[in-house]
Structures are given as C-alpha cells and as structure tokens.
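Next up, some structures in structure tokens.
Each of the next two complexes has chain A plus one other chain: chain B in the first, chain C in the second.
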Partner chain A sequence: MQHHQGAHADAAIRIDEARGRFSVSRAAYTDPALHAAELEEIFARCWLFVGHDSELPKANDFLTRTIAGRPVVFLRDKAGAVRCLLNICPHRGAQVTRQKRGSAKLFSCIYHGWAFENTGKAISIAQAETYHPDFNAAGANDMVPVPRFESYRGLWFLNFDANAVSLADYLGNAREYVDIVMDQAEARMQVVGEVQEYSARANWKMLAENSTDILHVETLHPTYLDLIRTNSEGTIVRGRVQGKSIDLGNGHAVVERVASYGRPIARWIPLWGEEAKAEIDAIFARLVKSYGEERAKRMAYNARNLLIFPNLVINDIMSVTLRTFQPSATDYMEISVWAIAPAEEAGKPAMARRLTNFLEFLGPGGFATPDDIEALESCQRAFAASREAPWNDLSKGLGQAPDATDELPQRVFWLAWRDRLMQRKAT
Partner chain B sequence: MSNGLAEATALLALEGMLLDEQDWDAWLALYEEDAEFWMPAWKSESQTTGDPQRELSLIYYAGRAGLEDRVQRIRSGKSVASTPLRRTAHMVGNVMPAGEEGGVLSVKSSFNVHVYDTRTKTQHVFFGRTTHGLVRRDGALRIRRKKVVLANDCIPTMLDIYCV
Partner chain C sequence: MTLLANLTRAEVEDFLILEAALLNEWRLEEWRALFTEECRYLVPNTNGDPYAPPESSLYLIADDGHHLTERVKRLGKKTAHAEYPHSRTRRLVSNVRILERAADSLKVESSFVTYRASQGVTDTYFGRHEHCIVEVAGALRILEKRTILDMETLRPQGRLSIIV
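Take a look at the complex of A and B:
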C-alpha cells in the first residue's frame, strides 16, 4: 500500500527538461489516497505552525487550535513556559478544555472531573481510592504533549514525529527570511488582535502555490491594484516586477521583490501624508543604524512572500501576515490569518496604516483574498474534468533566466511533496 | 421618539432592500460622508474587538469613501469573487431604540442575510446584530455609523458589505 502511494506520488509529477515542461497531475488535488498519504508523510512528519508567542502574553493564558486535525492546547504554563498539549483527556478522551481562549492554572475535565495543571500533570483523579495504589504513579495519567514543540523568533511549531530533525535545521535557509521580517521591529513583533478564520472549497496545496505566485497578481487582483493606485496618487508602477524567487531547500521558497506600494516599515506613499513621512524616515534611519544601509533598504523597500513547507506563509508585503491552512479534505481547507506588527507601533498612527493595509488586501473581507479563494475554488470545480485533461502546468521560467513571476516556488513545493511521499517507500 | 423609531425601522428595511436590489447609488446615498462602517472581529466566544485603530477588524472604513471603493469593485466586473454577484435577501428585524446622543440616534437591530451563490448552487446565511447611528439631514434620517456584529464569523470564501 505504501509502496503503491509512493509510486502514485512519483507519477503525479512529470518533468520534461528538454522541452522545459513541468506538469503536476490534477489527481494530486482530488485523490483521497494521496490525501491520506499526505496526512501521514507530510502532516505527521513536518514542522507545523501553531501560533506566535505574543498570543499568550501572560502565564496561564491558553488557546485551543486544530493542527492537522488534532485538537491542541497552545498555552503558557504557570511558570511562563510555552507548551502544546493534545487536547484530549487521558481518561476517556473528552476535550480537556472546550474554550477557544482563556486563562487557567488548572484544566478540569467536564466528563468525570479529572484535573490537570497547565503543565499537563494530572493532579486529581475522580475517586482515586478505588484505583490500584500505583495508578497515578509517575505521570501515568498526565495529558499528552505533542511529540515535539520548538520555536524560532517567536513562531511556535509542533511536529508529530518524535524523530524529526530540529526546527532550526528544518527551517534551514528560510531562517534568514524569518529574521528579516522579525528584525523590522525595534522591540519585537507581536500579533495584532486575533486570528481570522475562513475556509475554501479547494485543496490545501493550491493555497501553498498561490501564496508565492506573483504571476496572478495583475490578472486576478485588478480591483485591488486600482484601489491602491488611486490611493497612492499614481506612485504605483505596474508592469514587470523586479525581483526573484529562491529555492530555500526542504520545500521552502521565497519571492523577494521591489515593493510598488506603501510599507509601514518603511516605504512612504503620499496617501499617508507629510506627518507619516517623518515617522517613516525615522524608522528607516533606525534600520540603517541597526543593520546598515544595504540591509535596511532590503528590509524597507522589498516585499517578500515566504512559504515554509508545507503550510505556513509569511507575507511581508503591505503589512506582515502569517497564514496557515489545514488540509481538512481533498477539496476543503480551513485557513487562519494573523497580522503581526512591531510592539512599538501599538496605539500609534503607524498601526492604523498597517491595519488599513491589511484589511484592504487580506482576509475574507478584503479586496484580494476573496478573488484568490474564488480562483482556487474554480480550479477545484474544474478538476472534475481531470480524467480527460489531466495535467496542471508549472513550467514558467524552467531553464530560463530567473524572473520574480516564475513558477519556481511552486516547483520547489511539489518536488518536496513528492520526496516526502516517496520517503516512506525508500526506508 | 415613537415616530423616530418607525422612521428608523423603515430606513433599515430600505437599506436591506437596496442591497438586495443592487441599487448601489441609492444605498450609498443613505450614508453620511463621514459615515463609519465597522465589523469587528471576535476575540473569544463572547467578546469582539473594541478598537478598529488598534485591533484587527473584519471590515473597517472610517468614511463613505471606503464604501464607494467597494461599490466600484463590485461594479467593475473585474473581481472574480464578485462576478457574478451573489443573490441576497436581507431580513432586518427587532429594531429597537438604543439612546440618543449629540443628535445621533442609536438603533439596534438583528439581521439574517441569505446569500445564494449561482456558481456552486450553494447558500449561506450570515446573521448577527447591527447598531446604526442615525442623524437627521434635510428632514430625513441618514446613517452616520454602522456597526455589524457578525455572529457566524467562520466565513466561507468571502464577505462583502452586501452580505450583511
């Protein structure tokens, strides 16, 4: 069976270097067997984003989330350590907490009342005297933590594979791009407000592809481009994007390019007014002081779309967003989005500009995201014709001089996908 | 006051009808130039965000110009998410006065908006509560503020001003 899945994944990608053609089978977006293999070989083995540590500002804060289908509690324990526990009672399986967020030193199960410290340690078993005297010895009834839980620059990831490489090694070259985003804050980056959730009737891999796809921006998002062009009084130049897409290894990829719109850190546009110009100049000067002119320019004037395989997107565009998506079914995903911003912006006009930028573009009520979702759903609907028209094309730029709109990040993603699905077969 | 309430109730019904009929100009004309349109996000099961300048909302416009941008997007035919436009039916009810301050009459109401997507032949109901801040101009009530608390906030595909 596993052998069969591996072979299946292998057949899902067809590369014809001589003709510069890279094709992906449309069955890869619809086949339940491949979906099951992904859950096993990708979602149970790769590092998956859970949340940002600023979402848990105080000891005892907790949030519940669903990661690759598993209910988890993301929390800061009473001693201040960030943890991730599986949200399932060691007794007979009730969710230990059913709240979306809260603050709790103890979790007490609704079903039979077993109670746990927020470290996961069981502290009370209903009618303990009726059990064997050693029943509660040595943590036998503690909540189960996720097998691995590590962070990088405030971003917490879990891994369901106890033998996975470290998060740092897994991120590899992607770390530099996480750094360049996180370094924009003088104090630290923190989540603004809450996670936004929406859903799409499309396979999760299409959002991975879409998030580093610059080619579609002009065609799919004209209403957004019109809006920002009007608002920026003509400072937006359309046309060829200057920049490049880069294979960061392990399935991660980034597109870094010159931004054509205002960036809160730190590219001023006339729409924001003269007062904002002084503010933004000061931010830029700080970046130069801390990181030197060259890196400061790169931080301020370039935009980045980063995909960390398989399902974390960091978009450092007109605002900074984190986006993750859960593979709920072959044709359905649940999407979570966060806005992050420097802590020092809180309560300043810079924050209002950032939130406006975010809401204009992103999220289910923005000017761009709904069009992306419609495009993805449209593909998913059309995949019903896959038997007769079986291949998606991702050839752009293959063997050519690099361009920011190349489909290189998508090819990087798919090759890692194939390697992951084939891996089990090899070992 | 009772007169004001009847008038406000009629205005809210009219607003829903204009959106259903896609009479965007008439809809925009119900709004003051400096009208604020705000749909907060949910922080927890029971609490919404409190400040659109500091916290992330679902939709926030500080003036009618933002609504005009949205209408322009809808009309442009260039947004695939808005073309073909979904069909809607607004049901606005339980209209109750909620105080008057500085010439602004606050009115609370509940809404159900049935949204039908012709592409997928699927339907969705957005529902929640709205608070309108109304002012009188040239003898008629107009909208100065609209705050929409969307109760079902896990949003399928998209959300627009005509869906609430």
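Take a look at the complex of A and C:
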C-alpha cells in the first residue's frame, strides 16, 4: 500500500529539464488514494498552523478548531499557558466542548459528565467509586493533548508526529520572512476581529499554488487593478513586477516584490489624504530608526507572499493576512483567514485603512478573492477530463533568469509534496 | 419628509421588493441609485459581533459610497470572473418590520433567503437585512444596508460575489 502510493506520487510529477518542462498529473488533485496518503504523510507529519497568540487574550479563553480533520481546543489555561488538546472525551468520545469560543476553567462532557481542567486533567468521573481502584490513577483519564505544539513569533502550530523536527528547524529559512512581517509592529502583531471562514470546491493544493502565483494577477484580477488605479488617482501604474520568488527549503517559498498598491506599513496613496501621509511618514521613520534605511524600505515598499508548507500562507501585501486551508476532500477545502495588525494601530485611522485595503482585495466579498475561488473551482471541474488531458504545466521560468512571476514556488511545493509522499517508501 | 413620515409597513416592503427585483435582474446601476451618494453597505463577518465597528473589526464587506459604486462597476464587467457568466439568483424578502421611526429616517428589518445558481451548483444564503432609509428629493433612499448572515460560516458557499 505505502509502496503503491509512493510510486503513484513519483509518477505524478514529470520533469524534462532538457526541454524546460515541469508537469504535474491532474490525478494528484482528484485521486482518493493520493488524498489519503497526503493525510498520512503530510498532514500527520508537518507542522500545521492552529492560531495566533492574540486570539486568546485572557487566561481560560478557548477556541475550537478543526485541523487536518481533527477537532481541537486551542486554549490559554488557568495559569496562562497556551495549549492544544484533542477535543474528544477520554470516556466514549463526545466533543468535550461544542462551543466555537468561550472562557472556561473546566470542560464538562455532556454525555456522562466527566469533567476536566483546562489543562486537560480529569477532575471528575461519573460514579468513580464503581470503577476498579486503579482506574482512577493520576493521568489515566486526562484529555489527550496534540503530540507537539510549538510557537514562533506568536504563531502556534501543532504536529501530529511526536518525532517531528522542532518548529524552528521546520520553518528554517522561512523564519526570516515571518520576522520581516512581525517586525512591522512596534510591540507585537495581533489578530483584528475574528477569522473569516469560507471554502472552495477545489483541491487544497490549488490554493497553495495560487497563494504564491503572481502570474495570474493581471488576467484574473483586472477588476481589482481597476479599483486601485482609481484609488491611487493614477499614481500607481502597474508595470512589469519587480522582484523574485525564492525557494526557502522544506517546501516553503516566498515571492517578494515591489508592491503596486498602498501599504499600511508604509506606502501612502492619495486616496488616504494628506493627514495619513504624515502618519505613514512617521511609521516609515520609525522603521528606519529601528532597522536602518535598507531594511525599512524592504519592509515598507515590498510585498511578500509566503507559503509555509503545506497549508499556511502569510500574505504581507495590501494588508497582512494569515490563511490556512484544510484538506476536507479531494475536491473541497475549508479556508480560514485572519487579518493581523500592529497592536499600536488599535483605534487609529491606520487600522481602518488596513481593513479597507484587506476588503478591497481579500476575503469572500473582496474584489479579487472570489475570482481566485472561481478559477480554482473551474480547474477542479475541468480535471474530470484528466484521463484524456492528464498534465498541468508549471514550467514558467524553469532554467531561466529568475522573475517574480515564475512558477518556481509551485514547483518547490510539488517537489516537497513528492518527497513527503515517497519518504515512507524509502524508510 | 412627508413621504417618510406617512410611510406604511406595506410601502416599505414594496421598496424592499423593488430592491430585490433589481438585484435578481442584475440591474445593478439602478440598484446603486436606490442608495444615497454617501452610504454604507455592510456585511459583518459570520463570527463575532455584527455591530462591531468596521473601522476596527474584520467584516466580509464594508463598502462606503465610493466602494459600492466600484463594486457595481466591477460586477458589470466580463472580467468579474466569479460572476461572469452571471449567476442566476432569487431573493425572497419577508418578515418586514419597521424597527424605528426617527424624524428623518426609518430603520427597517427584513428576513431574506437568497439562492444563487452557477456552474451546476446552487447555494443558499439567509439572514436579515437592516436598512436605514431616508428621503432625498421626495424619494426613498438607502443610507445604510447591513446584511447579517445567519449561516455559521461561508461554507460551502465559499464566496459573497453577489449582493445577497
């Protein structure tokens, strides 16, 4: 079985360096056996984003989430430690809490009333005296935590593989790009409002591909480009994209380029008015003071689309967003998107500008994201013709001088995908 | 302000039915004209407080007059790919109540179900609209429309590419 899937994954990618061609089998987006292998070899082994520190501001705050299909509780315990417990009762499996969010010192199961501290420790078992004395030994009936749970710069990740490398090692070169986003805040970045939850009737890998794909912007998003042309009163003219895509290792990749829109940190556009110009200048001056002219310019004027393999995207574009997508089925993914912003923007016009920027492009009601969803779903529908037309092409830039619109990030993703699916066969 | 002062519930309902009809028929510029020039069209996130200020909380849509005009322009273009070819839509508006009568405005609540069919899939959206209606030059105009979705998430709809 493992062997079969490995061979299958190997055959899913066809590289012809001599002719500059990189192809991916369309079956990789539709095949249930490959989907099952992904759940095992990727989603049960890679670090998966759960949530941001700031979503749990107070002790006892909790949020329930579904990560790679598993129900989890993401919480801050009574002592202030952030934890992630599997949301399943040690008794007979009911969800220990069915609320989306709340504050609770303890969780009490609706089915037979077993109760747990928010550390997961069992504190009450129905009719405990009717069990064998050993049954109630300390720790024997506690809620099960996720095997690994670590954070970087406020971002919490879980890993279902107890033997996984550390999160820091897993992120590797991607950390530099997480830093350049998080460093935009004077103190810390925090989530603004609540997570947007939407979906696409498409395979999850297409959103991984799409999130670092700059090639599609002109063709798929002209109505957004029309909007920013209007907003900038013609001061932003989108020419050839200046920048590059970079392989960060481990399947992570980034596209960094000169932004072609206003950025809350820190590129002013006329729509924001003269008052905002002074504010933006002050933000830029702070960046220069903290990080020097060169890095400040890079932070303020460049945009970044970062993919952390397999399913976290950090977009530092017209606004800063975190995006994950869960592989619910071969042809369906659940998408979650957070807006993050420097804590010091709270209550200031800068925050309103940031949110306007977000909504102009992003989210299910934006001027661009619905068209991305449409494109992905269109691909998924058309993959029904894969038997006769089996290959997707991701060759752009292969063996050529680097360009921001190359399909390099997508190739990086697929090679990591193949390695992950094949590594079990090797061991 | 005589129009507004004497407006009956049934007349308000007629106005909302007209609005829904313009949207069903994709007559979006005429729909935009039902709003005042400066206006708000708000769809709060399915999570969180639907009345949290859009300046400090993440909405799904938080258009001002400028953005609403631009949204209508977008939806009129063949390059608004999510809605071209146009989806087929049907809006049912019901349970209309006048919540507040101020001297120069009415606050009206209605319930809605909107169906959207496209590319072989039919999606349903449901919830309530809250309209703030004013009178401009003897005609009713929408100063603010807040559409509060009752769905828990935008799954499996995946998008709010139409005006629900």
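Things to note:
Going forward, the second predicted complex is superposed on the first by the 427 of 427 C-alpha atoms of A that agree within 3 Å, B and C clash if a C-alpha of one lies under 4 Å from a C-alpha of the other, contacts with A are read in each partner's own complex, and residues count from 1 in each chain.
Convention: a contact is a pair of C-beta atoms (placed from the backbone, for glycine too) under 8 Å apart; a residue touches a chain by one contact, two chains touch by 3 or more.
As the structure is a prediction and not an experimental result, all values here were calculated from the model.
In the three-chain model built by superposing on chain A, chain B clashes with chain C.
Touch criterion met: A:Ala346 reaches chain B and chain C at once. By the touch criterion stated above, A:Arg201 is placed in contact with chain B and with chain C alike. In the superposed pair of complexes, A:Gln242 makes contact with neither chain B nor chain C. By the touch criterion defined above, A:Tyr332 lies against chain C but remains apart from chain B after alignment on the C-alpha atoms of chain A.
In the overlay built on the shared chain, the residue A:Ser290 is in contact with neither chain B nor chain C. Looking at the shared chain after the overlay, A:Thr223 reaches both chain B and chain C. Comparing the two complexes, residues 100, 192-194, 196-201, 220, 222-223, 226-227, 334, 339, 346-347, 351-352, 355-356, 358-359, 363-365, 367, 369-371, 373-375, 377-378, 381 of chain A contact chain B in one case and chain C in the other. By the touch criterion given at the top, residues 39, 41-45, 49, 52-60, 69, 72-73, 76, 78-82, 119-120, 153-160 of chain B touch chain A in their complex. The touching residues of chain C, counted against chain A in their complex, run 43, 45-48, 52, 54-62, 67, 70-71, 73-74, 77, 79-83, 119-121, 153-161.
Here chain A touches chain B in the complex through residues 99-102, 192-194, 196-201, 220, 222-223, 226-227, 334, 339, 346-347, 351-352, 355-356, 358-359, 363-365, 367, 369-371, 373-375, 377-378, 381, going by the rule given at the top. By the touch criterion given at the top, residues 100, 192-201, 220, 222-223, 226-227, 230, 332, 334-335, 338-339, 346-347, 351-352, 355-356, 358-360, 363-365, 367, 369-371, 373-375, 377-378, 381 of chain A touch chain C in their complex.
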